[in-house]
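There are two complexes below, and they share chain A, which is joined by chain B in the first and by chain C in the second.
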Partner chain A sequence: MENKIESYGSSLVSHMRRLLFRVLSVGPIPNHIAFILDGNRRYAKKRNLGEGMGHRVGFLTLTSLMKYCYELGVKYVTVYAFSIDNFKRRPEEVQDLMDLMLEKIEGLLKEESIVNQFGVRVYFIGNLRLLNAPVREAAEKVMKATANNNKSILLICVAYTSTDEITHAAQEAIEEKRGEIPESSEASMAQNGEISQEKHEGHRTIKLADIERHIYMGVAPDPDILVRTSGETRLSNFLLWQSSTCLLYSPKALWPEIGLRHLVWAVLNFQRVHPYLEKRRKQV
Partner chain B sequence: MAFLVNSCVKVGFVFGAVSPTTLSLQAEQDALRFPFPCPLTMCCSESIARDGRRETFFANELSLVKAVQIQETLPGGLKPELLPNHIAIILDGNRRWANERGFKELLPNHRNGGRVIKEIVFLCCKWRIKVVSIFAFSTENWVRPKQVDALMSLFEEVMQNDLQEFMGYNVQISFIGDKSKLPKSLQELIATVENSTRGNMGLHLMIAINYGGRYDVMQASRSIASKVKDGSLQVEDINETLFEKELETNCAEFPNPDLLIRTSGEQRISNFYLWQLAYTEVFFSVKKLPDFEEEDFIEVLISFQKRERRYGGN
Partner chain C sequence: MGLGDKMQKAFCSMCPNGSCGARLCWHIMHLILSMWFYILGLVFMFESFLISNGLLKRYRTLNISKVQYLAIVIDSEEALQTLKVLNLLRWLAAIGLKSVCLYDKEGVLKRSKQAITERLKSEKRFKEISTSDPLHDEKGMILEFISSSDGKEAVARAANFLLEKRYSSEIKEKPNFTESDMADALRAIGYQSSDPDLMLVYGPSRCHLGFPAWRIRYTEIMHMGSLKYMKFGFLVKAIYNFTMVHQNYGT
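On to the complex of A and B.
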């Protein structure tokens, strides 16, 4: 009997949520939302949970938020799961996080996971060589297994910092430009003299498109909203290149405390500034 | 009168009546007021340096006295050791403020905003903030031609009229951004201002004109690419430290802002700094720029002091 009440209850909640999303959809819906999952450890301390439990609860919150985003019609969701700076933490904590990541990444391949439920393609973004072999292999396996999904995209940033991403992209772009004009064509230029010096230099100068071609996050458009929980308002080396015009939202709730109301508030704020930003984008 | 007192202090030191601490404090105050060091102070400083033990003792005493002095000028609630080294400000809300009041003229509106900025800069001088950067004009602002003309006139006006005042506060001024696209007269003025203020040792004011975060990363990449082409650098040697040195903000002692303030309530970066904002604390003030006063600035600094900066670690 209790189970029946519970199932009716959750079905009602689910219907009300879908109704709310229909109302929100009257205005523009963000295409891409990024999350900085901050506050797991503070949550665990606040609730007197064991060490490492904060992150487990955080993972459950992540699956709920993903569900809400995909139901709302947000195509891209990015999460800052593990920064290169986080390697500075205590080795035991880093190991626990790696073990948790391995467990959850392998869980994504299961039949009943959210990935299959919503047809999500998963990307792991970052300097994956910094991860240990089991985690890296599991990540590559998931990327391969979900490569044909195209309804929604999930980008998980691990071993990631924006400055590392930009340096890597610049390095690749420079390497590419260096290899571009072979020596034989330089000799023919000297004979021909028709190709102007300016054009030659222009061809070799690095352009915006060259950097964007090599940037890890190039598989997704720039985020429309960047949410950082726990009330801290800083980017912590996340999506610096991509977040120049996106709305920054920093609710005071810790990551495991974040809920539907925060997502709705972020979307309403996005809808308020969207017309102005679209106009600016077209002008530029 | 101040000159007379100043000279008495220096003469007093020569005859042993005035301690090196007092003299050094006087020299500090001189540095705030006069752009060129006084020869007498330089001689006295040398005699302090000759006695190593006395120097260390008095250097410690001096920092303590300096801290006390700064504490005395700071409003309540602010601690000198927790103040940011570099504050960046996005100047937003001028036009909206003017539209709300029905003002149509662009130049007077921006002059209003300019006045607020000057007040903030001089407050930062008083409180010994080391670097202040302001986002005066973005690479994306060219799409508003009337505003462009008004802003260019304002920049020229400020630089011509207010340079002496900045010199009096010992402010060093640098301009970051793609200056090649600016009017020739403005470029010449920029060069003059940079040269005149180069030797100043007080606050370093960086003014971002025709600047964008992506532009800065692009120019750094191009600079590195040309070094690779010349053979002075290998591709494998490119790392984050090297990249950071190529950014235009590298001219400052503290290139990365500790605190970014944006007025008018909009919650976005709008392509101001990019790389430099990796660990910056961001503060969005709801006040529009012309309404942003000293007490709002103090509120921002108090909020900054309460923040726990972990840099990804424990």
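On to the complex of A and C.
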């Protein structure tokens, strides 16, 4: 009997949520929402949970938010799972996070996971060489397994910072241009020890488009909304290149406390400023 | 067909896809949201009045030394209000800020630089930043004017600088450029390296509008509303809130 009531209640809540999304869909729906998952450790401390439990609860929140986003019609969801700066934490904490990440990445491949439920293609974005081998291999496996999914996209930023992303893109652009220079020209330049103006002009220079071609996040359009929880107002080296005309939203709730109401509030605020942001986006 | 059915049919004919109810609800939601922001605006105005008149104790003294470098981002259309920009700079000087970076996407502030700096130099409280290492005048505020061309395009120029460095090197192997190399390259081609601690955004939306990405890794970003309705008390509150922030830089 209790199960029936619970099932009925759950169905009603789901139905109400769909109605709410139908109303929201009258206005523009963001194509891409990014999340900074801040506040897991503070949540664990607040609720007197064991170490690492905040992140586990945070993962459940992530799957709920993903579900809401995909139901609403948001095609791209990006999450800042692990920053390069986070490697500076205590080694035991980093190892716990890597173990949790491995467990959850492997979970994505299961039949009942949200990835299969919503036909999600998964990308792992960042300097993956910094990850330990098991996590890196699991990430590559998931990317390969979901490569044919095209309904929704999930971008998980791990071992990521914007400045590392920009440096990497510049490096790739440099090597690409470097490869276009004939060896004879290069040899004479090395001998002279300087680049003459005439020889430099004869070679192609790096343009902005060359950098952007090598940006890790180039697989997705720029985000429309960037949510950082816990009320913090900084971006902590996340999507700095991509967030020029992106609404920044900082709810006070800790990440595990984030829910549907915060998403709805973010989308309503986005709809209010959408004409302005679209105008700015079109100005090159 | 009954009257009710005819009315429903007529109603539905106005909305061929049957979404009238949803559309009405959407407008009601946005009306409530607009009313909420209107009420919030009135509360902020009152609070700003109290702060400006020193009636709220905690805002009377600011630990201004925590704000080493302040960025002001203004929507380009609003940046045309040069008198408002001048007033804002005067307020910042009165609060005690030493270094301010003014940014707008289209370069309106850069074009107004001469008018702004000439007006303020006469007040002997300002010094414009130059591409060379500026002399720090203990008494004056240092001003920097930038636009979107100092952002992504600057990174492309820095990459070209590193490309030239790569050409002139006899090393055949692929060099591993680091973030430090990138930062040095930006500095070498004349781009200011100081990261703002705090960014105040004047415009319709909380959005950094393309401020140079390299410089805002850990910058606190606060939305101040439209420049047209800027208030001194609100400025003080934003700076006070910043001084209360603790960062752990990812650790």
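We adopt the following convention: the second predicted complex is superposed on the first by the 260 of 284 C-alpha atoms of A that agree within 3 Å, B and C clash if a C-alpha of one lies under 4 Å from a C-alpha of the other, contacts with A are read in each partner's own complex, and residues count from 1 in each chain.
Quick note on the criterion: a residue touches a chain if its C-beta (ideal position, glycine included) is under 8 Å from a C-beta of that chain, and two chains touch if they have at least 3 such contacts.
Computed from a predicted structure; not experimentally measured.
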For the overlay on chain A, clash or fit between chain B and chain C?
clash
With the two structures laid over each other on chain A, which partner does A:Ile5 touch: chain B (first), chain C (second), both, or neither?
neither
Examine A:Val23 and indicate which partner it touches, taking first as chain B and second as chain C; both and neither are also allowed.
second
I'd like to know which partner A:Leu248 touches here: chain B for first, chain C for second, both or neither.
both
Given the touch rule stated above, what does A:Ser83 touch, chain B (first), chain C (second), both, or neither?
both
Taking the superposition as given, does A:Ala133 touch the first partner, chain B, the second, chain C, both, or neither?
neither
Larger residue footprint on chain A, choosing between chain B and chain C, goes to C
Looking at the overlay, what does A:Leu240 touch: chain B (first), chain C (second), both, or neither?
both
Touching both chain B and chain C, residues of chain A:
83-86, 88-89, 161-164, 166-167, 170-171, 173-175, 177-178, 205-208, 211, 232-237, 240-241, 243-249, 269, 273, 280, 283
Touching chain C in the complex, chain A uses residues 22-27, 83-86, 88-89, 161-164, 166-167, 170-171, 173-175, 177-178, 181, 186, 189-190, 193-195, 200, 205-208, 210-211, 232-237, 240-241, 243-249, 268-269, 271-273, 276-277, 280, 283
Considering the complex alone, what residue numbers of chain C touch chain A?
19, 22-23, 25-26, 29-30, 33-34, 75, 105-106, 148, 152-153, 155-156, 158-160, 162-164, 166-170, 174, 176-179, 181-182, 204-210, 213-214, 216-223, 245, 247, 249-251
Quick check on the complex: what are the chain B residues that touch chain A?
140, 143, 213-214, 217-218, 220-222, 224-225, 228-229, 235, 238-240, 243-244, 266-271, 274-275, 277-284, 307, 309, 311-314
Chain B contact footprint on chain A (complex, rising order)
83-86, 88-90, 161-164, 166-167, 170-171, 173-175, 177-178, 204-208, 211, 232-237, 240-241, 243-249, 269, 273, 280, 283-284
